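Input: one structure, supplied below.
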Amino acid sequence: MTQTLPMAGAAAPTNTAGLTRKDYQGSPSTLCQGCGHNSIASQIVAACYEMNLVPEKILKFSGIGCSSKSPTYFLNRSFGFNGLHGRMPSVATGALFADASMHGIGVSGDGDTASIGMGQFKHVVRRNVDMVYIVENNGVYGLTKGQFSATAEVGLELKKQGTNQYMPIDICMESIASNATFVARSFAGDPKQVKELLKAAIAHNGIAVLDIISPCVTFNNQDNAYHSYAWGKDHEAPLHELSFIPARDEIMIEDIEPGAELEVELHDGSVVKLKKLGNDYNPTHRWEALKMLEEAQRENQLVTGLIYVEPAKSSFTDTYNLVDMPLNRLTEADLRPAHETIKMVNEMMF
Amino acid sequence: MTQTLPMAGAAAPTNTAGLTRKDYQGSPSTLCQGCGHNSIASQIVAACYEMNLVPEKILKFSGIGCSSKSPTYFLNRSFGFNGLHGRMPSVATGALFADASMHGIGVSGDGDTASIGMGQFKHVVRRNVDMVYIVENNGVYGLTKGQFSATAEVGLELKKQGTNQYMPIDICMESIASNATFVARSFAGDPKQVKELLKAAIAHNGIAVLDIISPCVTFNNQDNAYHSYAWGKDHEAPLHELSFIPARDEIMIEDIEPGAELEVELHDGSVVKLKKLGNDYNPTHRWEALKMLEEAQRENQLVTGLIYVEPAKSSFTDTYNLVDMPLNRLTEADLRPAHETIKMVNEMMF
Amino acid sequence: MNQKIVNEFSITVGTVNGSGSSTANNTILRAIFKMGIPVSGKNLFPSNIQGQPTWYTIRVNKDGFLGRDESQHIVVAINPASFARDLESVAPGGAFFYADDIKQPVTRTDITAYAMPIKQLIRAQAEVPSNLRDLVGNMVYVGILAQMIGIDLEKIHAALDFHFKHREKPTMMNFNTVKAGVDWARANLTKADPFFLEPMNKTDGMIMADGNTAAALGAIYGGVQFAAWYPITPATSLAESLNDYLPILRKREDGKHTYAVVQAEDELAALGMSIGAGWGGLRAMTSTSGPGLSLMTEFAGLAYYAEVPVVIWDVQRIGPSTGLPTRTSQGDLTFTAHIGHGDSHSVILLPGDVFECFEFGWKALDLAERLQTPIFVLSDLDMGMNQWMSKPFEYPNTPMDRGKVLTEKDIEGLKGNWGRYLDKDGDGIPYRTLPGNQHPMSAYFTRGTGHDEYAKYTEEAHIFHRVMERLKLKHETAKEYVPAPIVRETRGAEVGILAFGSTESAVEEARAQLAADGLKSSMMRVRAIPFNKTVEKFIQKYEQVIVVEMNRDGQMHQLLCMDFPALAPKLKSVAFQDGLPASAKWIREGILKFAKPAKSSPKGKKKVAVKKTSAKKGAKK
Amino acid sequence: MNQKIVNEFSITVGTVNGSGSSTANNTILRAIFKMGIPVSGKNLFPSNIQGQPTWYTIRVNKDGFLGRDESQHIVVAINPASFARDLESVAPGGAFFYADDIKQPVTRTDITAYAMPIKQLIRAQAEVPSNLRDLVGNMVYVGILAQMIGIDLEKIHAALDFHFKHREKPTMMNFNTVKAGVDWARANLTKADPFFLEPMNKTDGMIMADGNTAAALGAIYGGVQFAAWYPITPATSLAESLNDYLPILRKREDGKHTYAVVQAEDELAALGMSIGAGWGGLRAMTSTSGPGLSLMTEFAGLAYYAEVPVVIWDVQRIGPSTGLPTRTSQGDLTFTAHIGHGDSHSVILLPGDVFECFEFGWKALDLAERLQTPIFVLSDLDMGMNQWMSKPFEYPNTPMDRGKVLTEKDIEGLKGNWGRYLDKDGDGIPYRTLPGNQHPMSAYFTRGTGHDEYAKYTEEAHIFHRVMERLKLKHETAKEYVPAPIVRETRGAEVGILAFGSTESAVEEARAQLAADGLKSSMMRVRAIPFNKTVEKFIQKYEQVIVVEMNRDGQMHQLLCMDFPALAPKLKSVAFQDGLPASAKWIREGILKFAKPAKSSPKGKKKVAVKKTSAKKGAKK
């Protein structure tokens, strides 16, 4: 606690902010080995480093869930607020008024965003709050051990939960329906794309929703035999051993060419179909974006890339026409009306 | 309280349920004269009467707001539950399990649904709960005296509230994004269309969202001078008199032909552009519906009619495969496991 | 005619909501106020927008007792729908003014009835356009009443001039209508009731305001920078007043803003945003009423445990649940004191009048930052939405207290060696840094989960315990900072009375009546929770302390018993709720159940003059 | 070796979560249980999924005291990350078993240390596939321990057979691994610690279960028809047990369902749905923990005021806010008792053990329909998620109480002359009809706004007041229906002890210790709020009543002071919270602060044998 870290701006080896990659790191992760959320955290570190951002100029936010634990695993030098389940948007909205020059990065889960947090999510999008809103989407509640989330595939079966009856909520379509100004989708196992999209999202003025498919290696098993491990060669007696979680490696994919498709097998044998948006796709047409998403839903594809962007709009804080000085540096002289005004006020009262 | 009403099924003059129109009525309205919500209530009475529904087989639900007061103004012989602000969907979802043979009709407002109630709204849609979900959409909070709701037009100015900065939430697009199986839009001043859509909605198995534009004669003034009445011919001194609400007649429109457009001037001089869906429009393509709504948003049109329907799906209660007898008529014999089972249970405990 | 009754009666106007009568009623109120006579106005309005019965009661009282009077001495009946009950509500010997187009019989003989040809008179006013006749027509009863009880016409003009922002045309059109009423009454009515107004000088230097406006203004003088809110009666006008006055009082040359007011999508978000802003170092607040407060429960617990400064105004209405949204109560006390799951206790301010709404408006922001905890301010509908006489608002007499905040320089001085939740000063209050602090060791991570003194995540039992014990110590510290109670001791008092909030005026009136009956009492008005030493000492001093409050369960009594178990047997509860503002009547009767006056009435003290009718609880049936 | 210590010690296994050790630990627990020795198991697990330290403690106690023991007599260390603290945690004279691949020094000489070659032994088990070595490897320490303290191998086999649902292959593979451990230990280790197990017959006829399973089963026997829930630790397994057991226990020939369990989108919706179902006439419930309960606040107020039957299980974890999601507490009591804005008071059941979780599981549904109000059942993590010995569950001994419901025939008989909120019986409980009732006069309109006895909207002050007073009367009536407290009086007791919930076992142990010290006490375990006459009488009887509870603020003490102000001075609070289950140690020490034992120790009573080490609060650092 007493060692002195280099002040931002001090001479240092690596990026133009004078900081090393280490200055962007967080504490060691306590998530499962192989969890997609971990590699997203790494890419946040990489993106901020490569963009030469000063960590002190970033605010981190999250809700509750495995995903929402992530902000402790990156940017230790940034202020962070790990709030309530589903309520990250409101806390971020208020906090970003404190110093409008700062960047906001929020991390949420699909349960956090699409179940309990649906209302706040839709409204933070609608307000175009200037922040990156990452959904680490695994289709389940990780931290509470594997219930369906609202983005779970219809027909998915989980032990104890039965069969999911509902169509999944599509975070990207929801964002566009509520007039988001930046919407993208990626896959945690595609670090290059995640990083590039993160950079674009951070640079965007306004809400930037990043729906990142991030498989839960522990609970999202489409296989009906939940956590089943074959005992012996004959596979005769699969066993349900809830408290044993074998160490697994994260699924990483090779680069996909724009326009190309890739089927990725998850740990449980289920398959996701990824498709990268082609170079001819124009992400500035809301209309095309909706069409593309609707088609992808029918094709059961996960289309990745920058789906929609509307760069010109002013963000939420912009519309408030705030003073240049960060609001939280204003003093009594700026904030308390002058003494003589009290007379006027009393006269206004009759 | 002691007069005996005719039992359903008893011989009576009018509809095939043996009931008169009076049997469908509610208590006198306490809403403002000319409020669009009142004529929606009348059409609910008319639709149920004409469909020969038995009022005892209908459940009424609402949240909080002027709109949500409506259920007392129709179907006095039906059970009703006026719950909490924004939480009508959950109460209805639970209540409809009590007796799956009953019809659910819910009335909500745009504040009730699209602001505080956004989360529950999206989820009741996603679950395809078998009920009619009416949004009496006026773009303001009527009951709390005229603040913006989330469906207010961007750029709308209201005294004390300033200028609305956000894009309005489109109830129909939101419904379709969340996989609603029946989505329609109408205008309170077009009673014929309202009634026909109500009938279709009631007949639908699953969620039927009806977004009915229902102008608030008292608060939704686009005119910057909130409640301004000209004093004398010269109009020189408009006055803000919040506590005076002049009696006004409800705006009624002539029949629009399918495919035709109509501009309707509201009490405050603002104009809404209505367009009736043409006969060639096919409401069974989700894809076309999204496209149509996106275009209408850009054209600033309110397209009315049946926008989307997916008839084949099973509703929420269907998926639970319930016994035929209404659950709330089951008795101890049906519900309490037999005495001998307790031994087995204890053995299961080790 | 009975003996003249001067400056000591109440007037109720029964009308229809949405009819614009509030301008008329406010005009009467303001004119009487300008005559120097203590006066209050209470609006009893329905929870809808148009067409339902509504009542406005004005009480004049030369002694300054301005709580609700259960007797209606003068009743003005404009609404056919409530005519019968309005007629019934007139106290025996009272006066009844009614619109003569209501074709219902006046069946009582124990009162004086005056028919008013309002429709006819307003039609005769050529300058009033036909679409405004209903609205301006209300001025007719103002004129008739003015003539019959003696409201100064000049003061009426002043009131109208104020209301219409000094625009002559509407002022004169309304004033001329008032005069038409005056003229007609002078020509046609004969005074047969005993009620008269006579000028006094008891309102000199006073203002008239409602608590919500006062609270908003106080917050502005407290430097509020962020407010998020969601509409709800009766709190809406607090946030709307911020929108009204911030642009005036915080205007800058460059046209830029030092504040933001956000209408949130609901109350969860409203408090969430305010917490975000408070955490960010802004003076942040939200305002709501019961249902909204219930929704804020989870976030309130987070702010308590993560130690985030934020101010929450709860303008109480009667509950539980949606209850009666337009009726008053002091019913949220016990809930607020322990809001949220787990061990928690809230700091609560209890303003007693409009002046304190202003004062606590800025003090609450100081306290929030000083104590790093949510500060709840419990007002109520009666205080918040009704017009009250008040001392003029006073400019804050202490500089802003921004609490324990470490800047870049401080952190540098400490060589980064600080802990967000370390109790350096032994008062349970730690130091914080603000986002945007550029020192690389300034950042910390806030969470609602278990954390140690360095804000690091922990599940260690003894650390969790230690942090919770420090929060308890902080609550002790709060006692030194919160507003002390107001104590009014009477020599030889047999009983102590403990009250809080808007019941003050009614309690004082009851005390005066009891004193006249021969029962001497001392009074303490509690202004904050946690209770400090003074509260304990007051209870210790008296054999019985009667806790008076406007709720069903005696919630202040509950909290006192919890905090002072050793003194609990002395504490008696007088609690009543029906949604109407407190009246001296039920307070007096309640107190008499526990404490009997000495046999002989004290020498010379005259009986309080206000006549008691056989008033019922819940006045109107 | 010291003197033998038989059947009176505790074992803690320190491991990594996600490593599958719970099968091993459960096997030990069950085997000991089958040996007839009173035993309990407590899981101290982190709030994440994999890779963090976790501890499992098994306590054996021949006298049946099964609360948490602050001393760890035998510690099994498998996790390198917690090796040092595990080593430190062993009580002097204790035993320390550790995996020999942890290359850390054993620095203590006051204990017996045994190195275990787990990796090596499991590799030698040819039948265990390599991907399962980590999992099955845990059986090695089971075997070593079995050999060293004397766990019956046959019972271990029985436990494995049960766990693996009588499938031979996995049972044998695990059992063979256990035997490999046994064999190795027999050959290589020399017993040097004093701890031994010897068969008893004290568990005959008993079962082992956790409170959440018991609650779910109880609800099923109560005929639950609708449950909506949202996942949250430690309540999740309650709802999941409904999913597990409903299909078995409510199986029908036609394959159709008489129930529905819905995973809601959050807790607001979970309670909203349950209220809808309860209103509709279904036996409806929800289950949650602190944060979820906070979110249910507004709906709870609606159910109270609109009088809707619904059951809310709150499996308490330690708060405020997110707190420590995997640690226990009794901290939601005061909040629950007054949940929601406005005047309200809740009916709360307080099960004391797994048996009562089952019993209150069905009783709560009866009470909800009888009283037409939300019934809160406050369990906690320790009771809900840990395995407890229990009497077998008993089939409900009363028929279902569906409360006051009017059918079509009843309405016909009344000629429709009924009022939903009319108090016909003078007990404050009105009659209701159920949706689907086909009588044209059966319908009524439910609302959270003001309503009269006929469920009509009203803003009348006196009616609102009257309805609220009836609700108060209903709360009085509730006292007759809720489970009475359990009283255990001791002749000549100097002090009364009042406790509730899962602390029972620890309190009884403390009482036994105090009795040995010479302090006689009587005990009352409160099982419900509102408190009935018995509670009052018990407090009256003793000069001092010490209220023992597992929270910071002494919440039961708070509520008792509120309800019995006259008795409040007698009530003393012993409250402690750090997230760990209650231990006899702090209870005993807390009680001794108020009550001193008589000077001389009573004749013949032997000191309780469990050794007291210098245990710290919050055991693990």
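As written, the chain order gives the labels A, B, C and D, with residue 1 at the start of each chain.
Note that a residue touches a chain if its C-beta (ideal position, glycine included) is under 8 Å from a C-beta of that chain, and two chains touch if they have at least 3 such contacts.
What you see is a predicted model; the values in this text were computed from it and never measured.
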Practice problem: Sort the other chains by how far their Cα centres are from that of chain B and give me the top one. | Solution: D
Exercise. Report which interface contains more C-beta contacts, comparing B-C against B-D.
Key: B-D
Self-check item: Gap in Å, rounded to a whole number, between the CA centres of chain D and chain A
Solution: 37
Quiz item: Could you state the distance in Å from the CA-based centre of chain A to that of chain C?
Solution: 44
Practice problem: Quick one: which residues in chain D touch 2 or more of the other chains? | Solution: 46-47, 265-266, 291, 298, 302, 321-322, 447-449
Practice problem: Pull out every residue in chain B that's touching 2 or more other chains. | Solution: 84, 115-116, 118-119, 123, 150
Quiz item: Inside the complex, what are the residues of chain C that reach chain D?
Solution: 46-47, 289-291, 293-295, 297-298, 301-302, 304-306, 314, 316, 318-327, 329, 331-332, 334-335, 338-345, 447-450, 459-465, 468-469, 472, 551-553, 555, 557-558, 561-562, 565-566, 568-569, 571, 576-580, 616-621
Self-check item: chain B residues within the chain C interface of the complex
Solution: 30-33, 64, 66, 69, 84-86, 115-116, 118, 141-145, 147-148, 150, 160-162, 218, 229-232, 236-237, 239, 241-246
Quiz item: In their complex, what parts of chain C are in touch with chain A?
Solution: 30, 33, 159, 162, 207-209, 213, 217, 220-226, 228, 245, 249-250, 252, 254-260, 262, 264-266, 268-284, 298-299, 302, 390, 392-396, 399-400, 415-417, 419, 433-449, 454, 457
Exercise. Using the touch rule from the top, collect the residues of chain A that touch chain B in their complex.
Key: 115-119, 122-123, 126-128, 150, 165-167, 169-170, 173-174, 177-179, 286-287, 290-291, 294-295, 316, 319
Quiz prompt | chain C-touching residues of chain A, taken from the complex the two chains share | solution = 1-8, 23, 54-57, 59-60, 71-72, 76-84, 87, 89-99, 101-102, 119-120, 123, 317, 320-324, 326-330, 332, 334-337, 339, 341-342, 345-346, 349-350
